[in-house]
């Protein structure tokens, strides 16, 4: 396949030594194997995430995304804008829809953007990296690059919320999306069926309301465990962080003994494509994915 | 070759369910010639797959018997089964219909003796029972099938089973060389009565139809209750064959929902109220029905029926659109999650079986009808002058209960007669 | 008529040849059945077999055909000979499919088959081919009573089909309820806005239609005759009377709003600002798109509350128990009157279930979109204070006893009461009892008439013996109570349309009226050909009566479910053949057996049951006669046999048109000829009756309840006659019923009357 | 003052709250209420809030902490048969209540959301370390030390995994065009406030 180039929006957590540093690293490795060039949007800003609502209000939030899209249009013309973070993608895509839907919002946003010397036109698609993999490559194509199949490892594909709702990937179901399972299987792993695939991890409330949201995390991990999963895989930095980081807290609160690695699909793909543990940023895990590390050693 | 004699004074009725049969019979009993086209191998349509009707709890086959008797003695109606209209051209008083006839592989010599079914080994999903069970690949669609004639499933043609069937028939009724054929004939007016189909419940993802074996649709539940059904009338749940005594009915499964069907399907509230009677009939006081609803739409005198069910202590009503269903892998029970909005009460209630009161959508959506017609946003045929002499009847025109469908069909018969009478006056 | 020549045909197909000795059957047909021609055929229903029969009819002058093959319900195309009398001996479903395929059963199976051959031959000999009524005539004009939207629709649609129409309207203008409306609820996509009513257009169309003759300020003061030849006396307010001859009648007399004066607790009558839906329409018409003013003082309306189900869906017994089905939509429409003129007006609809089926959902959405507020709640009271009202209610969502304090206008959705005329049922029941010798009901009825204050006014003023209007069902609606056959009233050729038969909205009323027009022109056509209407559509037979034998007992005149029989001055029955539905209830009622049909009579059944070979009391072979309703019980038996559900070989089954047609003489004859028991299988009766002739099975059970005395006189046990309600789905229950009954008979022992 | 079952408050919501014009379209089915992951913690689920708005219960709605329970999971949005953007309405109501100063004191999600926004608004990108510390110390210094100690192992783990940089405390990531970024946000806020007549 010919080289593919995308305008890349990594987002705040996917910066060096930020909370999904490992997502960024493994994404870069994965893209290398897939012959994808990611052209980072110069000087991108935070999308505001969902939680930005309380202080941000509507237009400031939309303007945040509009700035990123305007920068992308200006510097990376003719490309699709691609985000790896679920929240970044959702904010961007939502803003794009609102801007398309309301000429008033568009005019207002551009008035604000004008202060930064920018104009939003709306001529680029806003996509998630998972869409790129599924739609621009497809599972058969992705399968071709597998050198070290993840044989014998059982994964719980944890799709979570924001790559799934309200937009989701084309043709997927909200209650039982299968793209992540298909990705796992394409890499030679086993996707276990379990019933918490799209359960919310608590999102930002994991920080503000830990006692309320840790029940969510517990349900997700428990179901994955019960259905035989050895690792959890997710496309969302916040899902990854919440489900991984709070395992200790959850164990304390619920008397459980969870200790399950929570991975990004980009890490799986990198390893399956013959990448090293370092390329896949396996050292970025709080709970080490020893089985993947073993495969990486081969 | 199938020969159809028809003129511009003939009325074409498409669909042999209760609406189509009614339209055909009313017109024929008024002295008009009718061609009745049915896609399935037998007449009767969807109501013949119901166990009982609301509000009288009588049996649809009872009315079917009368209609079939009317039909059998009326020489003015030509019935084509396994037939689909592929094109309607021309205009008012001068239509040409093209009809594709699928091979039945059984001719009119068939006596319905059943020897072919005995001879054949292969089984196919039993469409009459919504594929809940299987039937022999040589089969009579159902006990009241008209024409009372067996059908060979196309899947066995060319196999040893087909030869076995042929060998078993002493009457030369099996014709393995039958081919699909296409016929064309004239009609002065068209009554489109292709009825409805249950909304695809798998699309209502939170309820897990297709993922959870104990989540079924209301039309399937009718087959479970019916003596001619796969369980011989016993209400047993699919996962383990256990008696399903604690049953949830989820209303508006697809209806009144902009993610699915915009319209209210009208019949589903009454259907579920009726089905609580099946539970009571089967299990008496040990049965338990719970209806999850948004509004109970028991309009006009159906209110009586609702009031009667309201007084039944085994039936409870919860004003709530169920948020989610989850089938417990161990017990097979389906837990329904949601909130009763009358006063805000959260629930997570297990049931033996969950019945989705699925909405109605037109069997053939307006856009797919092979003629130029105006239909509404759900695909139901609108009454519109630009449809000329093409008239929707029954559930092809609106989500209707049987009574109203028959009224609609009767009205459509008159509209068609008005046209052919005009043609007759012109032609003299 | 040519000489009778009976031919019997015995089929050997479908295993009959293997399971039965068909040669012996042929012998029975010849010797006992006295068939002039007897033929066996290995495959009677195929082209060759049918041709053989046709040839015999053509070449051998066969006039009566007995077919011993499958059920009369099967192979109807093959055996549908219209030029000869045909009987069917049901050897397949009735014998070999319901009997075990064992050597032990061979003898009883053969006996069964032989009996059915005897019965078939006996029956056909008593049948004649119905000739129809050569005197049948018809008026190709339809009378429509009621000039509202339903009536206008019926008139226009019948006219469009080429029929003349006489339209009688009580008031001075056409339009009825719809004429009182400012707008109507939408009946077309996108179902979002109120529409103009069709009244003006229809009025103009009727005025321009030469086929339609309109009488305003007029009533049908007398309706006599029968379908095809009704004679209508039309009286106008001015005192003039006209007479019209019509073939069929449509009653489209509509509804009245439930009287809101019955709802003082909801403030009606206490404040001018509490109105019913008609009141609001009047205000809207007056405003004509401008601001609707507050009735009490002409002040500005800022807040309107719509109270749904006012005096409806009532379980206290004080108000209407039913739902009128259209008021939710009407309230949404009326709320839009306000919202469309001024979106700042607050409109609140308080409902318990919002009932807007079908595309009504779009209209509901449109109402919401315009800012109409919907609240699930129950209104307990409306208090007037000054120019405003306080609406007290329970908000069921917020579970809050609350109130809207300052409503300028309160609209009560009070619902539809049918204008259906006189309820004839009480009197009819009294008459039936009286004819049977019990005068107590009639006395009570007469007493109530003396005390009774205001009597309802008749709509049709029928001269029918059974009363002046069409029978009503629950709550005064004239609906048919059939699901599959909504137009089948108990008065042939008279069809109800619109809200008089069921609460309904305008869309439905117009559809309904079109359907009723269809039935009316069909009745006109049928009457002209002397054909029966549903459910024995096309039947050309009709009751023949030997008046010389009649004792004027009136049973037939009061029991006929369709009011077909009047009484002349000498109190003899007068049969109105085009009103008759050929159920035979009169035949069943007649104590002196003077009523019969050409193809169905006391003799066709009597001779069958007598033809059965009843073994002696030492044979251990009892005989049980089953009289089975041909509409439900007989098909159930057929389907039980298709399932190979086995039942006793001792039964002999005769299908009857309706249990109502069963004359007690058949029971007497059966028992005195040595049958050990008689089972009668008919349809469910009562409120949810399933009898296709409405009252047939009920009357039968009424008659049979009195048969105990007869049995006692004969010295027989009561159990020897039993009646069962059977549904068409009872394919397992019916064999069980038969087997249980056979066991019971064996327990009681053989009849002592054998061999007399 | 909003009157019972009059439209004052509904109109206020329609004008002032993001996607507020959808509130009137709710038909009280309650699927949203049952779909929310934090459902049991809502004193008033979304559908009830919509009814309360229509019933004019202004204070009860705006002072409620229910809207703050939204995790932005969008379950309600995809299931709503009337396609109400419930997540956004909840966000909008919370934002509005917050702007009016009516939301409950010390509502943790409100505090976090404010911290988050201020954090990103400062440099254009989120400084995760400062954000975390901000949460720990939101209830004062002593509680902050306690909270931080409790989460110490997590923090150290993150540092070890190179997913948390202690140096972030002294600067860290941000956009380069800070002036333009700030001006842009200020303008957006101004426009919105003018449109909604906020002082």
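Order as written gives the chain letters A, B, C and D; numbering starts at 1 within each chain.
The rule is simple: contacts are C-beta pairs under 8 Å (C-beta built on N, C-alpha and C of every residue); 3 or more make two chains touch, one makes a residue touch a chain.
Everything numeric here is computed off the predicted structure, so don't read it as measured data.
Separation of chain A from chain B in touch steps, taking the shortest path, is 1. Centrality annotation: B (chain centre taken as mean Cα position, compared with the mean over all protein Cα atoms).
Centroids of chain A and chain D (each the mean of its C-alpha atoms) stand 22 Å apart. Inter-chain centre distance (chain B to chain C, centres taken as mean C-alpha positions): 24 Å.
Between chain B and chain D, the centres computed from C-alpha atoms are 49 Å apart. As a whole-number value, the distance joining the C-alpha centres of chain A and chain C reads 66 Å. In chain A, the residues that touch at least two other chains are 174.
Shown for chain D are the residues that touch two or more other chains, namely 27-28, 47-48, 75, 78, 82. Each of the following residues of chain C touches two or more other chains: 354, 376, 397-398. Of all possible chain pairs, the ones that touch are A-B, A-D, B-C, B-D, C-D.
Against chain A, in their complex, chain D makes its touches with residues 18, 37-38, 41, 69, 71-75, 77-78, 87, 91-92, 94-95, 98-99, 108-114, 116-118, 120, 124-126, 128, 132, 135, 153-154, 157-158, 161-165, 168, 173, 175-177, 180-181, 183-189, 191-192, 195.
Interface residues of chain D, counted against chain B in their complex, comprise 27-35, 39-40, 44-45, 47-48, 75, 78-79, 81-83.
Across the complex, chain C meets chain B through its residues 13-15, 43, 45-46, 70, 73-77, 80, 157, 160-162, 188-190, 313, 315, 321-325, 353-362, 376, 396-399, 474-475, 477, 479, 481-487, 502-504, 508, 511-512, 514-515, 517-519, 521-522, 525-526, 534-535, 537-538, 631-632, 635, 639, 642-643, 683-684, 688, 690, 692, 727-729, 731-732. Against chain D, in their complex, chain B makes its touches with residues 206, 252, 256-260, 294, 319-324, 337-341, 344, 346. Residues of chain C that touch chain D in their complex: 303, 344, 346, 348, 354, 364-365, 368-369, 371, 373-376, 395, 397-398, 400, 402-406.
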